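Before we start, here is the structure in question, set down as structure tokens.
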Amino acid sequence: MSISPFILAASAILIFLSIPLLVPLFLRHQRLLINISSLIAAIASLLAITAGVWTVWKGSTESYIMPLGLPDLPFHLRLDPLSGFFFTVIGLLGFSVSIYSIGYVKGFLSRRPVNRLIIFYNLFMAGMFMVIIADDAFFFLISWEIMAAASYFLVMFEDEKAENRKGAFIYILVAHVGAIAILLSFGVMASLATGFENFGGYTFDAMRQTEFPIKWATVAFLLAFLGFSAKAGVFPLHAWLPEAHPVAPSNVSALMSGVMLKTAIYGIVRVTFDIIKDFPWWWGVIVLIFGLLSAVMGVLYALMQHDLKRLLAYHSVENIGIILIGIGLAMTFTSFHLPVLAALAITAGLYHTLNHAMFKGLLFMGAGAVLHATRVRNMEEMGGLIHKMPWTAALFLIGCISISALPPFNGFVSEWLTFQAFLLSPSLPSPILKLIFPLAAALLALTAALAATCFVKAFGITFLGQWRGHHTHVHEASPSMRVGMILTAVSCLFLGVFPTMVISWMDIIPEKLVGGSLTTTAGQFGWLWLTPISHSRASYSAPLVFLIILAVVLLIYIFLHTRKTAIHRGPLWDCGFEKIDTRMQYTGTSFAMPIRRILGFIFLIKETVRIEASTGTPGHNTFPRSIHYRLRVRDRMWGWIYNPVADASFWIARKTGKLQQGRIQAYLVYSFVTIIILLVLL
Amino acid sequence: MNIAAQINSILAALVLLTAFGLLVQRRIYGLLHLFAWQGLFLSISTGLVGYVARQHHLYISSILTLALKVIVLPYILHTLIVRLKIHKEVETVVNIPTTMLMGIALVIFSYHLTAPIRELSTLVTRSTIAVALATVMLGLLMMITRRHAVTQIIGFLAMENGLFFAATSATYGMPLVVELGVGLDILIAAFIFGIFFFHIRETFDSLDVEQMARLKEEE
Amino acid sequence: MTLIILLGVSFFAAIVLAFVGDRRFAPEINILGSAATFIAGVGLAVHVYYEGPMIAGGNFFFVDAFNVYLTVLTAFVSMTTAIFSRRYMRREREHGRVSHWGMRFYHAMFQLFIFAMLLALLTNNIGVLWIAMELATLSTVLLVSLYRTPTAIEAAWKYFILCGVGIAQALFGTVLLYFAAEKVLGEGGEALLWTNLIQVSGQLEPTVLRLAFVFLMVGYGTKVGLVPLHNWLPDAHSEGPTPISAVLSGLLLNIALYALVRCKVLVDLSTGTNMAGNMMMGFGLLSILVASFSLLRRKDIKRLFAYSSIEHMGIATFAFGLGGPIATFGALLHMLVHSLTKSSIFFTVGHASQMHGTQEMSKIKGLIKGNPLVGWGLVFGVMAIVGMPPFGVFTSEFLILTATMKDAPLLAPLLLLGLGVAFAALFRRVQPMISGAVPSNQMPVKASHIPIILHMVLVLIIGIYMPNFLSEWFHTAVGLLK
Amino acid sequence: MNVFSPLFVMCLQFIAVLFAAPAFAGWVRMVKCWFQGRKSAGLFQPYRDIFKLLNKDVVLAENASWIFRFTPFLVFGTTVLAGVIIPILSIDLPLSATADAIALVALFTIARFFTALAGLDIGTAFGGMGSSREKTVASMSEPAMLMAIFTVSLVSQSTSISHMVNVIAHGEFVLRPSLAFALLAFILIALAETGRIPVDNPATHLELTMIHEAMILEYSGRHLALIEWAGMMKLFLFTTLGIALFFPWGIAAAGDITFLPVAILLLLIKLFFAGIGLVLIEIGLAKMRLFRIQEFLGSAFLFATLGLLSYFMLE
């Protein structure tokens, strides 16, 4: 048969599914196993990328039916531009991370065998691709749960640590409950679709052809949104995310944070735009509100963290929020039949999906390299790594710039598009929305600014200054890890500098989903200018920004360095005290202090200061021997949602436990009473 | 209403009476005798019904009942009681008068329940189905109110009697294979609880089921 | 003919084993017997698959799509359990927990139990069905008290009394059914034959059947382990030897549910309402909720899974009550996959508690490192039982839940709650047991691989590629249970 | 002629930004001295400072990384870029389309981002303190800034600056309350962004009060020169941006190069008064505590929001 995107995609999935079979062959040669499996995984990811890019390019839609599952309900597969786009996203990150893993995974060999890691890593990848390609509720959920289970075992990889177990447990619990919610939502839609009684209603096609009554459509949407946001870590269902992501192996956290959350975004887009299609405007507003909440709260909590990976995890919450803002805007515009605006908004959302995958992957890989080298996650024990691991530092810096939405890198482009979408609110019919949207935009701006602050902290405390840690043998990341990071860094730059190409490439998606497209506007000034609506409306030329800054910097540099003025190295200015030591540096905690103080009411802060008075001089704390300062910032959501739920269920459990109280007479009474009641009811 | 039906009703009344007797009797031998009597009435009424309705297989089941409920089971129980040296009165959980009131309430309730069925039935024995149900219920009530293993078993068997009685009164007896099967089951059951008495006795050195309350959900 | 073999083998195996007693090869005979039974069952299944439903032994036996797959399932699980119990019971014997007589008794009664269940499944006569049920109870009562510990005896006593009382109610229900039937079918054995009843079900007297169903529901419901009639179940499961726990929740509950469903069909056909269905839905839902919450605070591993059996029986009952093609299909599938999964879980649990010499979950640790088969077996078993794909339980729950969204959407949140809580409870308990380093109190055990692997593989296959004949059977069964 | 006029304008503006900025800074200082009754160092002192610093040797701290050395150049570069996209003299800047208002804010953010990193790079307490405070202020001022810009862009249906200016300058003249509020907000923000009193004090090196100065404390020689220069340009740019957005009248329209001299003259006058205004504010107010600043910027945000609301409600 002739080669087609679908063939490539399917073969990629098959390869991923079959890599675990290698493990038994190489039980003895773990290093070989790591190399081979990672390389094959990289190749499979390449296939997936090709498939995705090709599909979106052709704008083609292929669907196949696999004779698996139930005889009456075989697996339906479908590769359309939307799936193609997500294939590309997952493939891109999967490729870099697979290469990165070659070096990274070897770091575990000294401590434990890595068979489990390799098996579930590949199942995890396969699961994600299957989710994207599934075209009926049954297969979708199977893939969904395979993905969840695999990632659960990956989080559990170092299962002797209590924090891993805790994180994994919360993760799988939230994920599964979410999955049941999604299942119910599919149930609603399937039961309304034709041919439900003979298993016909479960395919997405059947659902697409169904006109849902608004009441049930809303139920379905709310259930789906609940389920998907549980997976995406939308505030306030985010609590599992900062528990699970930090403890997973870093290549896995890169994937989980970078692309696994995106499958939830995919689900939301698929259900709302593709399956339900027409919906009231307030759905969009709900999505928007939760997006904003996640964005702001995510970044604020991130700012308070001093565990590097935890900080990144909270930033995933933030970025998912930003993506949802785009989606929510698109939904609102669609419901008011403004296709072009909807196209702009959804492009912004999807573009940020892609960007976030890239830079969050990069950041997590960088964090992994740091952990790998320093063996600690706490930023306060790092510092000055830029001297010890220059490559990682530079690449991590690129990630920081991108995620802080600074031109000319990619984070800025998508946020810029989102802002543009916001500023088009005057064309909405509803007055209140007109008025609210710009304010929401301000919140987005706040998020961006705080993100920049947060990453100044993250990078500055981790890589700059002087080394605060204890052991000294800190080494640069291995070549393969560097390659993995470089790939993502380059794509960050590319996506930032040539947005017009990418957007015109993915323009088919909004056209298919919301019936509007940007090519008519975006491309007309050539690849140089990104002008989403019209040239007079707004324009941004990333290449020029990049070039001009580069040119100016170079010119001045050359100009200033033609003259021979020596550069002396001298000690720090220590204000005339004796030599200042590394403990006197500004720490992450102190860096975040002003904001903690200004916005303190949001967090659950527990500060404790313990002063050990110097003995001898009685009662004088003027010169204490030592001062211990301890700060705990906890997520309020635990106290507000999770713990109460847990307590309630345990309370009920205690009550039901009383039912089984030992005396046989009581049991006889139960059945006696049951009979009587039933007979009376008769 | 012909003579047979009248006798049958009297027997039913006697069965009900014994059921009440079982409910209130304190002494264990008394319980045993009452149970034997109940079996006797049961088998007589079965035989009578068989005669009236020309259902010859009912003779068999009547003989079966006689053998099982009047001779074998009481004998087994008796030997067990002797072996296990249970002479003292068996104390109840709920006090007797309350139990009686509940019993009466049950009889009324089962009468109310079976009223529609009685309308449907054309048999001479139809009036007794309420009694059968009442007997079952009283047996269950007895099991609830007694806290001695032996009395619980007796209550259980009384329930079986009620069921038998239902079978013969509501219908002219179940098919023979079923009757035999039921009888067999009861026989096995008898052996099993026989074994049980010894197990319980040797592990708890008393047959008071109140002691057997360890398996509960921990608090 | 196959029927005779099917029933005869286990019956004679029981007698033979009663004489063989505690000889060295007793377990092998046990395995052989149940293997032969299984083969006969497969033969029967093939026959029915090609010839369609059959009536044999002068209307005494009746095999249709509904009970044939349960027959094969019963034979299969009892075979694997026999294989499992070979190593398991041998170890128990070495550790002196079971006496010489105990072993003799164990093997004989095991076969008798299988016989009773097969009889219950295959008979056409509702009265005989009842007898077989009672026989199944009686044959397992003394197995539950096999260890002679106080708690074991207590559990057995409760099992005996509660199920006895329950089954008595069921008999009363049967009597009433007969009473209604003989009006239409006349005197004698004909009136209790399912095949006849189903034909005339329209004419049966509704009031009587309604009354009858109350008693049948309570009676058989007790054996299904529906809340609030379930109290015997956790005790019996936790105190008896593990193979018995496996067959109890894997098979006996199914049989009881089978009986209940047969009656439900009759009653609903005659009353023309969904009264019986609603009653079952009520009991099912109650069982799901109570059981899943009870799971949360368990300390004893076998009690934990006993409650999970209650929950799943609740799901199946609920689905049967819900009716409709999808839900019924799901329920039938659920009976199958649940018994496969649950029995394999009990196998692993048995080994795990043997390794640690206790059933307390807090003392069980590091299973995966200690014994990968047991560890992973338990993990995947639990993942399957909580309804994670790609295992079969997911498929059935998927169908049931979606059907619920159609027919009773307001109950869906309760199901969501129940399933969610059950999931949390099970994972919360199982995770610490499988993970971590090997504790000091753990001793090696020769685990019996075949049953565990076999069951899990089957559940997996059903989950991702259900064979065609199975779904055809289910469809026919759905047709029968309309 | 018309072909070259845009390029010509651009070069003109480029030079203007580059070399007029120090003069404006000097002017502000002069006025300040006068008001405070001191003798001023003259309009050209900043030039002398920069020139001197450029010739001085650089002393780097031992563990200063490349970030520390790279930052001054980058800061300078971004500021220059900002200089060529804000229309000061004429509207048709070819490069003005390179970045719109949002991108402009982002450009300043880059500069600040790296300055803050440089502050942390050395590993002294001051640098960290400075970066921390700077970023805190920024994370509050940037949203407010964007709000102000949104208001103007809603009025002008655009976010590209030259287009905004065009609409306001050559569109029919209406009194807009929204713009008034926006202006108010903009002034407050400009004070914060350019590090003037009451938010920050460019003249102080008193440890506990300084924000911007604390970050660049370790700089010396040409690095310091670049940063100082960039700072002056930033002040100049914010002033001209304010002028262009709120008082653009007199700016040269697209195409007519003849109008340029007038535009230049008008701009000088505007700057003259702007400088005086700035000084008036600075000597009128006292430096705030750090934890009063959020109230200051909060009010800026409030004004911007009010501008927005009044746009929707009143216009």
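The chains carry the letters A, B, C and D, assigned in the order they are written, with residues numbered from 1 in each.
To be clear about the criterion, a residue touches a chain if its C-beta (ideal position, glycine included) is under 8 Å from a C-beta of that chain, and two chains touch if they have at least 3 such contacts.
This is a predicted model, so every value here is computed, not measured.
> Chains in contact with subunit C and with subunit D: which ones?
For subunit C paired with subunit D, the chains in contact with each are A, in label order.
> Please indicate which chain is farthest from subunit A, where distance is taken between mean Cα coordinates of the chains.
Chain B.
> Pick the pair with more C-beta contacts: A-B or A-C?
A-C
> If you average the CA atoms of subunit A and of subunit B, how many Å lie between those two points?
70
> Using the average of all C-alpha atoms in each chain as its centre, how far is it in Å between subunit A and subunit C?
44
> Counting only Cα atoms for the centres, state how far subunit B is from subunit D in Å.
Measuring from centre to centre gives 101 Å for this pair.
> Subunit A to subunit D: how many Å between their CA centres?
Computed value for the inter-centroid distance: 36 Å.
> Can you pull out the residues of subunit B that are in contact with at least two other chains?
113, 140, 143, 152, 209, 212-215, 217-218 - these are the residues of subunit B that touch more than one other chain.
> Tell me, which residues of subunit D touch at least two other chains?
In subunit D, nothing touches at least two other chains.
> Any chance you could list the residues of subunit A touching two or more other chains?
654, 657, 659-660, 664, 668, 671, 679, 682, in rising order.
> Among the chains present, which pairs are found to touch?
According to the stated criterion, the contacting chain pairs are A-B, A-C, A-D, B-C.
> Give the list of subunit C residues in touch with subunit A in this complex.
The contact residues of subunit C facing subunit A are 157-158, 161-162, 165-166, 169, 210-211, 214-215, 217-218, 222, 227-229, 231-232, 234, 279, 290, 293-297, 324-326, 368, 383, 386, 388-390, 394-395, 398, 401-406, 409, 412, 416, 419-421, 423-424, 427-428, 431-432, 434-437, 463-466, 468, 471-472.
> Which stretch or stretches of subunit B touch subunit A in the complex?
Within the complex, subunit B contacts subunit A at residues 93, 109, 113, 140-141, 143-145, 147, 152, 209-210, 212-219.
> Over in the complex, which subunit A residues touch subunit B? Could you list them?
Contacts found on subunit A: 654, 657-665, 668-669, 671-672, 676, 679, 682.
> Report the residues of subunit B in contact with subunit C in the complex, numbered from low to high.
Residue positions touching the partner: 55, 113, 116-117, 120-121, 133, 136, 140, 143, 149, 152, 156, 159-160, 162-163, 166-167, 170-172, 174-178, 181-182, 184-185, 188-189, 192-193, 195-196, 199-200, 203-204, 209, 212-215, 217-218.
> Which residues of subunit D touch subunit A once you look at their complex with the stated criterion?
54-63, 65-67, 73-74, 76-78, 80-81, 84, 95, 97-100, 102-103, 106-107, 109-110, 112-113, 116-117, 119-125, 127-129, 131-133, 135-136, 138-140, 142-143, 146-147, 150, 153-154, 157-160, 163, 207, 217-218, 221-222, 226, 290-291, 294, 301, 304-305, 308-309, 312
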